[in-house]
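Have a look at these structures, which come just after this line.
Heads up, the next two complexes both have chain A, just with different partners, chain B and then chain C.
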Partner chain A sequence: MEIQEFIKNILAAFDDVPHLELEPTSNLRSIEGWNSMHVLLLVAMIDIEYQVLLSGEELKNVTTVQALFTLVKQRRGE
Partner chain B sequence: MKIREIEIGYPENQHILSPPDFDGDEAVYRQFLHQVGVEKRYLSEPGETASDLVLLPAQRMLEKLPAEKVDFLIFSSLTLDFKTPTTSSVLHHKLGLKKNCGVMDLPFGCAGFPMALSMVKGLFSNPNIQNVLILLGEIPSQAIHSEDRELKFLFGDAGVAVWVEKEEVEKESNFVFGNDGEGFNYLNVLKGGAKFPFDETFLLEYKNEPQIQRQGRISMDGLGILKMVLKHVPEAVHSILETNKVTAEEIDHYLFHQASNLVLNTIQKKCNIPPEKMIYQMNDGGNTVSCSIPIAWKKAELEGRFKPGDKIVILGFGVGFSWCGTLLRYESI
Partner chain C sequence: MANNSAHSTRIEAIYACVPSEVAYTKDYPAFDESAAAMFEKNTGIHARRVAPENVTCSDLCLFAAKALLDDFDAKDSIDLLIFVSQSADHFLPATSIILQEKLGIPTQCLAFDVNLGCSGYVYGLNMMGQFMQQGQFKKALLLAGDKSTISTHPQDKSTFPLFGDAGTATLISYDSTASEWFFNSGSDGKGKDAIVIPGGHSRNPYGTFDEQDVVYEGGVRSLKHLQMDGLSVFNFALKHVPSTILSALAFASVSVDEVDYFVLHQANGLITKTIAKKLKVEPAKFLTSIEHFGNTSSASIPLTLCVNAKYLLGNPPKKWLFCGFGVGFSWATLCFESKVFKTKLMNYERN
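Here is the complex of A and B:
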């Protein structure tokens, strides 16, 4: 699993945020217009693309794209 | 089993969503339209009941389906009028149905319509039953706090009447059912039943929310519900195809409970459904609980989306977490 592809998938899931650019260090909660729906969009994308169903508890401690990527990799046993 | 006619009856009071609903923030409003998909909701008056909402569509239906031909009445709603007798019994009397017409209430939530159809399938094994009237009424807006923005713009109220007719040769429609009790935590109205009756503390807490004092308050954990959807809906869709011996390619339309655009998009991607086969009808009316599938059916039909013989997967899911679905073939009248 590659971080660039992971970022591409997040951007596709957040197609309602105009001109969004993400780096591994980007803070997800700093995304313009971030709301509870974005958490749902992320959980759905990660389940569909990576077959990992994250809980709200797991997501609470995640701030950056890199941290989320690492969590998904861990859950996949990679 | 043929869906012969559907009549929709919305409350008169309309709420067209606009930026002022989102503190004047145009971007947040646009985001909501995109993610949730609701443009307009219809709202019942405080004190108006779900059974009130079904009366008008039921009366319109009885102009086409003579009352003496109705052999059974099913009322689907999460808000029944009385602890007893059944609301279907009260509606039977108000509508002047014949005395040998059976009645049943189905307080089942978002999967209420397919569940009612599964009951109809069983009833049709009785030679005396030829026509069933399914009435669906929901008033979720009256169980939502006036400041609960996450919920109040999602749900809307509605009443629907559906005439289901027995076919000369019944086509096979096998049903799929399921329940996951974990869902209890994610969507519920805890107060107002036998377990936790309304008490002084509750009534004081909601002294400025008279609708909640009557109906209790909906509590929803969106992420929890989404998890239930991801866990169970794809498998239920697969089971519907398998038990009806059809392939995904043979299906013309997928009509799911209209929970929100986000949930519908998630199911579409997870189940790999071609987007053009999905039915989206969130914009006019929002999530209307058990009314959502027949409303979406009727609107898709009016838009000319269904051709005779089309295979349509319907699947309701939600509070419980419970689900029920089947395969129907569209027959034009």
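Here is the complex of A and C:
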């Protein structure tokens, strides 16, 4: 599991956000127009691409792309 | 999860009735233009139907049922009536009994209410099958629907733009030649707070709780309004819906590829699309109605069939997969093969 591919998948899920660029250190909640629908899009993408279903409790303290990537990796046992 | 089957039960016809009043997502004042566009793109909801204050779910079901019974000349032969709804006319008596009288159905009729939401239509079909297969009941009416807009706060962005109102009527007959119905069902009360109206019934009667509106991250609501934790519901759906579908298919000895059409409860478009991807089924096999009617609770499966009437036509018989899931949590799947059944979609008109 590679972080660049992970970022590519997030960008594909958020294709409605214009000119979005993400780095591992980017704060997801700072994305323009961030709302609860973005959380659902993330959860759906991660379930489909990485077979991990994240709960609200797990996502509560996640802010950066890197932290989310690490959480998914942990859940996959990598 | 529980598997059970039913035989000798056939759907003859499904009629749906929606209010004439249309509410468009783009006009919802709590959304700015980009929020409305994002909501519409991901939920799939372009518009909903909203019943006026003096029209109830039972009025919509009554309208559909009257037309259905007239078209099939079946009024005098109904011996079982089930009303599935979470927006009954009164705390008591049961709305099904009021509908028995309004429809002119004989008093020698077993009638009762079932208090289920989004899973309710498939539960209703399951109960119908259990009664009908004995051969002692010959014709039955399953009425399913909700007036969800009565309980959503207009400024709650997580519920108000999502739900629409609808009522449906399904005519079911005893038929010893009908193909077997295969069900898989489940319940999980850990989800009781994920979709809930906390106040106003026995646990928290009016007068014992603060009815004031409160602001929260999703907008405004009070304890007497429908509250929904969208992420919990989303997680529940992605976890349980694919597995109940696969369980029902295994029980019916039908492969995913053999199903002609999947008719899922229309919770939101993102859930349906994600489940299609998880099952590796082309999205075109998933029939929808959410675009023009929103989430219509227990009416969504029969309404979707009425909206997509062209898919019901032709031979040979088609393999169907119905799956209802939601409030409770509660879920139920039905896999069956059926010949053509008649459908009709109507706008409500006041008598």
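Everything below uses one rule, namely that the second predicted complex is superposed on the first by the 78 of 78 C-alpha atoms of A that agree within 3 Å, B and C clash if a C-alpha of one lies under 4 Å from a C-alpha of the other, contacts with A are read in each partner's own complex, and residues count from 1 in each chain.
In this section, contacts are C-beta pairs under 8 Å (C-beta built on N, C-alpha and C of every residue); 3 or more make two chains touch, one makes a residue touch a chain.
In this text the structure is predicted, and so the values were computed from the model without any measurement.
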Which of chain B and chain C A:E23 touches, first, second, both or neither: neither
Partner chain in contact with A:S36 - chain B first, chain C second, else both or neither: both
Touching partner for A:A44 - first (chain B), second (chain C), both, neither: both
Which of chain B and chain C A:L53 touches, first, second, both or neither: both
Which of chain B and chain C A:E5 touches, first, second, both or neither: neither
Residues of chain A at both interfaces, chain B in one complex, chain C in the other: 16, 33, 35-37, 39-41, 43-44, 47-48, 53, 55-56
Sites on chain B touched by chain A in the complex: 27-28, 30-31, 34-36, 150, 221-224, 226-227, 230-231, 262, 265-266, 269-270
Touching residues on chain A, where the partner in the complex is chain B: 16, 32-33, 35-37, 39-41, 43-44, 47-48, 53, 55-56
Interfacial residue positions of chain C with respect to chain A in the complex: 34-35, 37-39, 41-42, 158, 217-218, 229-232, 234-235, 238-239, 270, 273-274, 277-278
Sites on chain A touched by chain C in the complex: 16, 33, 35-37, 39-41, 43-44, 47-48, 53-56, 59
